[in-house]
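Following are the structures in question.
Each of the next two complexes has subunit A plus one other chain: subunit B in the first, subunit C in the second.
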Partner chain A sequence: MNLTLKIWRQKNANDKGKIVDYKVNDVSPDMSFLEMLDVLNQDLIDKGEEPVAFDHDCREGICGSCSMYVNGQAHGPDSMVTVCQLHMRSFNDGDTIYIEPWRATAFPVIKDLIVDRSAFDRIQHAGGFISVNTSGNTQDANAIPIEKENADRAFDAATCIGCGACVASCKNSSAMLFVSAKVSQFALLPQGQVEATDRVLNMVKQMDEEGFGNCTNTGACEVECPKGISLENIARMNREYLKASLKG
Partner chain B sequence: MALDSKIPKGPLADKWTNHKNNINLVNPANKRLIDVIVVGTGLAGGSAAATLAELGYNVKAFCFQDSPRRAHSIAAQGGINAAKNYQGDGDSTYRLFYDTVKGGDYRSREANVHRLAEVSTNIIDQCVAQGVPFARDYGGLLDNRSFGGVLVSRTFYAKGQTGQQLLLGAYSAMNRQIGRGKIKMYTRHEMLDVVIVDGKARGIIARNLVTGEIERHSAHAVVLGTGGYGNAFYLSTYAMGSNVTAAWKAHKRGAYFANPCYTQIHPTCIPVSGDHQSKLTLMSESLRNDGRIWVPKHKKDVEAIREGRLKPTQLAEEDRDYYLERRYPAFGNLVPRDVASRAAKERCDAGYGVNKTGEAVYLDFASAFMRYGKEQAHVKGLDENDEALVKKLGQEIVRNKYGNLFQMYEKIVDQNPYETPMMIYPAVHYTMGGIWVDYNLMTSVPGLYAIGEANFSDHGANRLGASALMQGLADGYFVLPYTIGDYLADDIRTGPISTDSKEFDEAEKNVTEVINKLINNNGTKSVDHFHKRLGKIMWNKCGMARNEKDLKEAIAEIAELRAEFWKDVKIPGEANEYNEELAKAGRVADFLELGELFAKDALVREESAGGHFREEYQTPEGEAMRRKEFQFVSAWEYKGEPKDAVLHKEDLVYENIEVKERSYK
Partner chain C sequence: MSGILNSSIGRKFAMALSALFLMIFLLQHFAINILSVFSPDTFNEASHFMGTFWAVQYLLQPVLIFGVIFHFVMGFVLEINNNKARKVSYAKSKGSANSSWMSRNMLLTGLVILAFMVLHFIDFWIPEINVKYIQGDMSGLINPDAADSGFRYYEELHHKFESPLRVGAYVIAFILLSLHLLHGFNSAFQSVGANNKYTKGLKGFSKVYAIGIPLGFIFIALFHHLNH
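== the complex of A and B ==
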């Protein structure tokens, strides 16, 4: 396959940035999208130009590093995959592909397609944990049975990889899906009950301070989430938040 | 310097308890005066940073990723072992200890492994208390599954994302301490040297990967939880950024490097599809609980399959060779990884590989679908003879157990593994070798510690499945935070370590010089060009089977390649900006040194043990042949070029386990 790429290039946070056109030839349908970019970068290096910078690490859809808008969709056209798992067989010979970074006030661009997602970490610092010391001297792991359905739902929420596709896809740049996934994981487990009030209040407060927008229930986040994190989590977080606000 | 493993005296089962009772402690008020640097935020580094901060030390944690949550522990799939015996199938601390030592082909330390087995149960308790959502049964209790090399079900899991859930648990423990200000987190930072002052590790030089700035950080002790070095092979299941740099710099500053040749080549990975490939993807060992491995019995069927004339599902049962079940009836498809990988290689080398390249075998779930389906039909009172229904019911069960893995396979290979067997082949996955440490996890440099995959200590020559997560968390949560106190007890009056010293000057100068050399090299070939060539040498000559001739060639070829790299590598951009090629160049430069030491270690070890298979030393049945005279740890001391490295031997003593033939028949 031969492709035309239109890629966002931005030297650093202060640079204005622009779309630059590239040609990449002899792409195999078995390549992943990032391997296709490797080919482009190799070509750029050979020509003495700077390669396109993008975040990536595990390349198996679990670390959450990779983050790019492909033809106007977070992680590209395929559903339930990160862009590292997107394969070129999803494209056709002669295609023009637009590649851009996540766009959100809370995710400033570092370089080219790389954005700063440390706001996500700071929300977790505010309450994304259970305050138990790591002494190992807790009670036996089987002391509290947990209904399988709740354990499974907590797991589903906990599979969030923190990539930020939800924020990037949201017209308001809201981080509600991300935050609610962590709030829900703990809300569904007995271990998470003790600090439930503080947790949801603190995490939501931090989320607002970071400059993420509000949720207007559009649901784009759920559609674009590579891990299928459900909108139900947002509803659960809203209930938790209301409960906590009335208590507090 | 003589190697002192500092294994405590006394009966095996009491060593750890007695040791903890007798080592020095630092009182809580004094812990506030002590700084500790932790490099790496995977299961080992993350859990250590959290626990040290919780104990009261001031922790500075470093990772090269943009968040500690992205460390490659996140990609571990199948599970974590613990001797809980919840299944009542006869498990015990001793059995976990025994299985691990045997699984490691009698090349690990008894005392370390026993301690690992002892604390394994605390890990599960701890993780549940932290809100890690392990799989549960309908009674609400924790579920288990089996892994290779054992005859009990002791593996706890969270679908195919156990590593993710455990890492996010450790990450949450870190977040609690970051929020309290007890951990200062440095993301997108890479450690480029360790600073030794008066013979003790007192800090690191790190590069800010966003600005390119070179920074000095001091502490009273430095802990490396920086993972393994399998990316020396270029293609592996490691993350793209996984590297040996921190460990190698420590080695160059005096930390002995142990058993570099012990590499785990995992039997069930998605085969290589072409030259463009940047990494390989694992299909969890847990799949061998339910999947059966086979190749066709007859070459004519192999040909027909390769040419697309025959589908694997059309091949009659009697024309299939379930070679693991045939060769190892007792353990069947659940033999340890080294054994399974070699058996796959043997079949493919003999011409029975089932894909175009001839390097793939089948992992087939058809019989599991039927087995689970029948059970479900029975439970639900449905027709057990309705084959389509039974298959569908069975597929649902398998989907629940391994859904994400099946999805991942389909995305990569573009074939539906519910309808046709998976194709798999071995790939580099883990390194048992690493920085030499004593019982306290301290390296041969005082004040420098290595934990998790970065050290060598617990897995001998072959690691059992679901034991990496166990060791990472054991080291980080429950071992290092105690043992480091014994060392730091002498530092309560030291006060803050200044970064304004000749040692820091010298280390920073070294780092800057290397960066300047790389960035101004004006060569003609990219970093990847050299990395790929190194990978080919490693895979072809230091891979699943090794011999004297190949290893000697590998040593010469790697040395040549290294010289060529320094002459001809080309790095675009500048040093004072985000520059991934520059970061990669530094890592590949270190792989080019490590690779040679790796080959040298493999050459010296004239025996076969675990993942290290020397063709000259095998039994008539083709199994690994250990030799008594090699019952030692090889610990290499840096002396300039890898060829000049000096070998120190730590003899391995087995007082509680009889060293015998490692059989899984």
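== the complex of A and C ==
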């Protein structure tokens, strides 16, 4: 396959940045998208040019590092996959592919396709945890009976890898799918009840302070989420937040 | 509870509550207007009741006006905040791959509805306020000095839809209203935290409401226009 790539190049956070065109030839359809970028980068290095900077780590869809907006969609055209699991067979010979970083005020571009997603970390620090006594007499979590349906829903919410595709896809750059997944995974379990009120209030407060937009229920986040996190979680977070606001 | 309107979720909730209130009002408005097609007398009686009953005039009407203004103002506030959340746009973005046109264009459809409401207020609400509270005529009669002249409401409504331009404007506005409701109805329930086993059924009902009510209003406008 021969492809034309239109890639966002930006030297650093202060650089204005621009789209630069590259040609990549002899791409195998069995390559992953990141392997195709590796080939491009090797070519750029051989020519003495600056390679394209992009985030990646596990390359098996669980670390949430690879954050790219490919041809107008977060993680590219395939559903339920991260960009590292996207294969070149999803494209055609002669295609022009746009590759851009996540766009959100709360996710500033550091370099090329790499954005600073530490806003998610700060939201987690604000309440995305449970306090457990670890002095040696901690109760076995499996000893607490949990309704199967709730256990499954909590597990589904916990599969969120924090990649930021929800923010990137939302026309408002809202982080509500991410935050709601983190709120839900604890709200559905008995271990999460003790700090439930503070958790949702603090996490939503931090989310607002980070400058994410407001959810208008377009559902784009749910469609583009590589882990299929459901909008039900946002409704649950709304309920938890209103309950906590009335309490606190 | 303090400061809930300053939070993103609190604003969503307030937006949704005002939307639910306006959707109930729309249903009531339609229920009375459709009477004009089947029975002008009943329509006149209902209009006179709504136009003179103190609880409607002095309690519900101010709440409605507040609800309308609040919904629009909050819509603009949210839009401004959301625009700030993404200052650099994508060179290529495929919104249609993951969301409906209606959900992405609530501001556009809302602005058309706002423009329609200005026209609608000029057509009906301002003249009504003028007759009742400035001229002081609460009789509802065509000729306030002649008790047998009959109520004026049906005549006024019928007369307004004589102009094809006005009917055209109303039809376009109702189509945009339908598009607004096709996303807004379900969105309001999601915002107040209602996403459960009833959501699927509610989505079906929302389509009936979002298409049926504006279509009904279009039918009323066309009915009066064609009966001249």
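We adopt the following convention: the second predicted complex is superposed on the first by the 244 of 248 C-alpha atoms of A that agree within 3 Å, B and C clash if a C-alpha of one lies under 4 Å from a C-alpha of the other, contacts with A are read in each partner's own complex, and residues count from 1 in each chain.
The rule is simple: a residue touches a chain if its C-beta (ideal position, glycine included) is under 8 Å from a C-beta of that chain, and two chains touch if they have at least 3 such contacts.
Keep in mind the model is a prediction, meaning the values are calculated, not measured.
Chemist: Scan A:2 for contacts with subunit B and subunit C and give back first, second, both or neither.
Modeler: Neither partner.
Chemist: Identify the partner contact of A:30: answer first if only subunit B is touched, second if only subunit C is, both if each is, neither if none is.
Modeler: After superposition on chain A, A:30 lies in contact with subunit B alone.
Chemist: Touching A:12 in the superposition: subunit B (first), subunit C (second), both, neither?
Modeler: So A:12 only meets subunit B here.
Chemist: So, A:69: does it touch subunit B (first), subunit C (second), both, or neither?
Modeler: Only subunit C; A:69 stays clear of subunit B.
Chemist: One more residue to check, A:193. First (subunit B), second (subunit C), both or neither?
Modeler: Neither partner.
Chemist: Across the two complexes, what residues of subunit A are contacted by subunit B and by subunit C?
Modeler: Correct list for subunit A: none, the interfaces share no residue.
Chemist: Give every residue of subunit A touching subunit C within the complex, in rising order.
Modeler: Subunit A residues touching subunit C: 6, 8, 19, 69, 71-73, 77, 98, 100, 103-106, 169, 171-174, 176, 204-205, 207-208, 211-220, 223-224, 231-232, 234-239, 241-242, 245-246, 248.
Chemist: Taking the complex as given, what residues does subunit B use to touch subunit A?
Modeler: For this pair, the touching residues of subunit B are 47, 50-51, 54, 65-70, 72, 74-75, 84, 86, 119, 122-131, 133-142, 158-159, 161, 164-165, 168, 171-173, 175-176, 178-179, 185, 187, 210, 237, 239-241, 273-274, 276-279, 281-282, 407-408, 411-412, 414, 477-478, 526, 528, 570, 572-573, 577-578, 580-581.
Chemist: Any idea which subunit A residues touch subunit B in the complex?
Modeler: Subunit A reaches subunit B through residues 11-12, 28, 30-32, 34-35, 38-39, 42, 44-46, 48-51, 53, 55-65, 78, 80-81, 85, 87, 89, 110-111, 114, 116-118, 120-121, 124-142, 145-148, 151-152, 154-155, 158-159, 161-162, 185-186, 189, 191-192.
Chemist: What residues of subunit C sit close enough to touch subunit A in their complex?
Modeler: 1, 4, 7-13, 78, 81-82, 84-95, 97-100, 103-104, 106, 183, 186-187, 190-196
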